[in-house]
Amino acid sequence: MSSEDFDKHIAVEFFDSVKRVIQGIPCDLGNSRDELEIKLDRKYLLKIAGLLKDDSSTDMKYLRSLSIVDWIEDMEAVYHLSSVNHSNRIVIKIRVPMDELLLDSVIPVWRGADWHEREANDLFGVRFRGHPNMAPLILYDGFEGFPGRKSYELAEQDTFYGD
Amino acid sequence: METKAEVVKSANPDMAELRINMGPQHPATHGVFRMVLGLDGERIISVEPHIGYLHRGSEKLSEGENFQQITTLFDRLDYVSNFNNEWVYVRVVEKAMEIELPERAEYIRVILAELNRIASHFLFYGTYGLDTGAMNPSMVGFRERERIQEVFEAVSGARMMHNYFRVGGVKEDLPDGFVPAVGNLLDHLKRGYDDARDTLTESEIFIERTADIGKLSAEETLDYGVTGPILRAAGVDYDIRKADPYSIYPELDFQIPLGSHGDCYDRYMVRMLEIEQSIRIVEQAISRLPDGPIQSKVPRIMRPPEGDFYVHGENPRGDLGVYLVSKGGTVRPYRLKIRGPSFSNLMALSSMLENVYLADATVILGSLDIVLGEVDR
Amino acid sequence: MIGTFRGLYTALKHAFRSPVTLNYPDEQPKLSPRFMAHPVLTWDHGIEEPYCTGCLICMRICPTDVITVSMKDNDKFKLEESKRRKIVDDFELDVAGCIMCGLCVEYCNFDAIIMSDKFNESVTDRNTEVHSLDELLEEGKEQQAKGRWSPPAVKKSQRRSAAQVVTKDGQGATTDSANAPDNRVALAREKAAALRASRELDKKNKESSEKGNN
Amino acid sequence: MTLTSFLTIIAIVFVMFNTALVGVLAVIYAERKVLARLQQRIGPSRTGPWGILQTMADAVKLVLKEDVRPAESDKVVFYLAPLVIFTPIFMLWAVLPLDSTKVLSDIDLGLLYVAAILGLSVVGMVLAGWSSNSKYAMLGSARSAAQLISYELPLILSALGVGLLAQLYSDTPFNLSEIVRAQLSIPFIFVMPLGFVLFMIGALAETARIPFDIPHADEEIVGGAFVEYSGIRWGTFQLAEYTGLITMSVLASILFLGGWNGPFSEKLTWLQPLYLMSKTGFIILLTFWIRAPLPRLRIDQLMAFAWKVIIPISFLNLIIISSALFTGKQLGISDDVVKGIIALLSIISLLLVTYFIGRRRRKRLNNYRARWGSN
């Protein structure tokens, strides 16, 4: 992505500072609507998180939310970050293969990821390496199955409308 | 470093920690929230929050409903500020389908959302008074909230579950006589705010109970992802209406109250000052309410294009975000993630409750002003 | 101690104001014209038949699926008394499940269903909350008599387009009931038929039990 | 002790118990109505005209309710606890003079009797909490023990102050009737307002009313010592609590507001009980008024407030009175001047204390006012 595509949504200097901060990590930068999108392999997650948070120009101190999207053949973990001082926003998207749903826990970088990861584990079955206390958060103990996944049938909620 | 629990345990190994269950049936947990507190005498050593009692699977439900029906789901998330929830959902669909709103619809949304913020802060004021033991604030808070809900009922037909915002505008136009009604409602609110301020804000016992309690530094607050009045009480100037302005907020002039100590009293004060600011916003919006259509042309069966969209707004409790993933051409969203502010605000609770009195646990939990509908979704 | 005294003084000030609370059963609350309790069906007094033609739109749009409708041919249409080709045969609304969101009223094209203001309906056992067709029509007549609704001069579909403004893409509002895939309609008819069959069954064994014990 | 005098005593106690019951019903009803009024509400209005029979209805409901006892709770102590709380408070009634003639036992050491009996109800609270085998109840009983004990001191010390002052008028200063007669010229509240404030704080804490409400702080430990009680057994706790409130108010009006004195009270003796009742009513209304807007203190703040502020000041109060009396007697100053000096010193110290208590509030509010204008 060249930098002039960003002029209408994301400040160009912000885009340059992000490129400078993460130049070592193989990833592709995209532009989802008005946020800078970074797609990368899960091996570099912790590294890139640490870099983005500590660097003063990007200053991604606030992890807004961690969402898991179930694309049937694989899962996608979407980290929405934003900085409070410059009010810039970054989205990190990571594809996780269905057979090995494992990610590094980002708690060392953002304390606030604790419950997001536990909820993701409850609803989607994505495990996080290094998470201190992976007890079920939202579902009661002994609940089988992962309700968040597409494979989990919504009990007879079929409305008569649409496709 | 050793937590307090280990220190106490190592001091007297055979002593069993007094574990009491605060919740899910408890007058001070603001909903179905359970804390297993390990006590040493009156001091709390260990905290184990349990949530999930109000988990209705809204995100999964929304995958089974089409775009018109999901507004009713969002009313029930943060059931104390319904308009703000509907607003964030409706904005995400408008962003997906690139729909422009008529001017009047924007003004109606700002007026109703800010009135809802006042009502939500008055509810906080009432319950927080009860948490510290005073009975009068609950009546003052609920009396003002009732007056606002009367206006909501006149506009949308329901006091809380309005289902009034639509993608591209609002369901119906305002009833006639709405502007004078809001005018004298604002006078009532000003007098009610004075009553509220005189009862609690300056009372010595209240200050004694809340000052320097549950302190959280700015970095720690941000690290937990805590937003809204709690973050602003810690001195961080982050309000989405100013940081990432949406709708017609840039045209309105209002201030963002900030605290300095980041303790319970500052959180209380920030919310009270926000009531004042919201009254100012509604006054300006009412005076500039334009005429014109209230709904832009939207197909009755909405099929947003492919892609993923994230929109967030300043809910009275913090940064409410909705992440919509749509496969294009389908009537139902492929994935709808709801980022509730109370979910992250509650995470900071266990670190605040270390080595604190049992009575303070109620005060600190009250100062977070959580709503369990938004925590468990 | 000035703060405490100010608190006490405000409490005293409240004592000289008239109470804001309502002595509920004796003083009824003042409801706004748009108040939404559970929906009811409207009655066309001119031709003595319900407005509802059983077109199943409300059944489809209802988020909690509490409405069950079925359609039948309108014999008055054959006698040229009314323009409605189809009329509602059976309408069931489970008030316990209804979340009173008002979507059915908004999406109905024939002004056949309106939101009533009967909020104080409490029942002793669970399954009496299902209102059948005649109950809903009865409540609808009540609402009309109370003046909460009167047949509008302009039909609803024309009213909606007037309120809207054309945006960039200029898509027109198309009522989609026509091109819904036909299995939907078949499904609805089966469900209604099953419902009617089960009710006949109840009636039969109720009569047999009465014959049994008297 | 002839049989007849014994029977009359039984009859009098029976009458007093019934007046206590009716009094409690009236006070509970009055509290709900007054609190409603202070909050722009209507209050009970369903049972009887203006809801008068509401408390009677509650009592009947409580009697009909099932009396549940927790599993491993100590049966005897569990059933005994409410009585242990109620009897000492009711025993105080023996000594309270209704008017110049009618008092059950006109003993000379009335004040000492009051001081002694007051401490017993603490035992009942601890028994109730410990025996009901529930963590909340145990916490509640520990709290109430701590609070009641530490707030008895200011209560008794301020009562002692009254005893000292009554020396000027009679040789048996601890006799409650003598104390009332001593206030014929001027009620002691004007002589020592500090003493009255201390006594009221002690009384509020004794009867566990807001802002000293922690024995059964609803938000924190859900009902405190009697959380496991139900039915009429729980009713007896309420009875004990509200009788305590009435007793404390009567005591306060006797010690400080001049019992049955009032204009024409010597000539028309039937006026005397009315004066006493109106003064008690005024003090009860005062406690309702205090209850509405004030939050409650935390347990450690309460203890700090008692031991660091209230008890030293009650000693100060005693010092003022005794030193003024002693110098007055030495220099032969007339009684009224001595009383004037005491009043003056007492008011000064009262103002000093209130200023000293409000300093944290000023610090916090000033930095808010500085940043956000007058708020």
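The first chain written gets the first letter, and so on, giving A, B, C and D; residue counts start at 1 in each chain.
Just so it is clear, contacts are C-beta pairs under 8 Å (C-beta built on N, C-alpha and C of every residue); 3 or more make two chains touch, one makes a residue touch a chain.
Since this is a predicted model, take the numbers as computed values, not measurements.
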item: Result of counting contacting C-beta pairs for A-B and C-D, higher pair; value: A-B
item: Most central chain, Cα average position; value: B
item: Geometric centre distance via CA averages, chain D-chain C, whole Å; value: 59
item: Cα-centroid distance, chain A relative to chain C, in whole angstrom; value: 43
item: Euclidean distance of C-alpha centroids - chain A vs chain B, Å; value: 24
item: Overlap residues in chain A, where contacts from two or more other chains coincide; value: 159, 161
item: Residues of chain B touching at least two other chains; value: 65, 69, 134, 136, 139, 143, 199-207, 301
item: Per-residue overlap in chain C, given as positions that touch at least 2 other chains; value: 1-4, 7, 10-11, 14, 20, 61
item: List of chain B residues in touch with chain C within their complex; value: 65, 68-69, 71-73, 75, 98-100, 102, 134, 136, 139, 143, 146, 150, 153-158, 161, 163, 168, 171-173, 175, 195, 198-207, 293-301
item: Chain A-touching residues of chain B, taken from the complex the two chains share; value: 51-52, 55, 57, 59-61, 63-66, 69, 95, 219-220, 222-227, 236, 238, 243-244, 301, 307-310, 312, 319, 321, 323, 325, 329-332, 334-335, 337, 339, 343-344, 346-347, 376
item: Of chain C, residues touching chain B in the complex; value: 1-4, 6-7, 9-11, 13-14, 20, 31-36, 61, 63, 99-103, 106-107, 115, 163-176
item: Residue ranges of chain D touching chain C (in the complex, touch as defined); value: 36-42, 45, 289-290, 292-294, 354, 357-358, 361
item: Chain B - residues contacting chain D, complex; value: 18, 20, 26-28, 39, 42, 129-137, 139-140, 143, 197, 199-209, 211, 257, 260, 265, 269, 273, 357-362
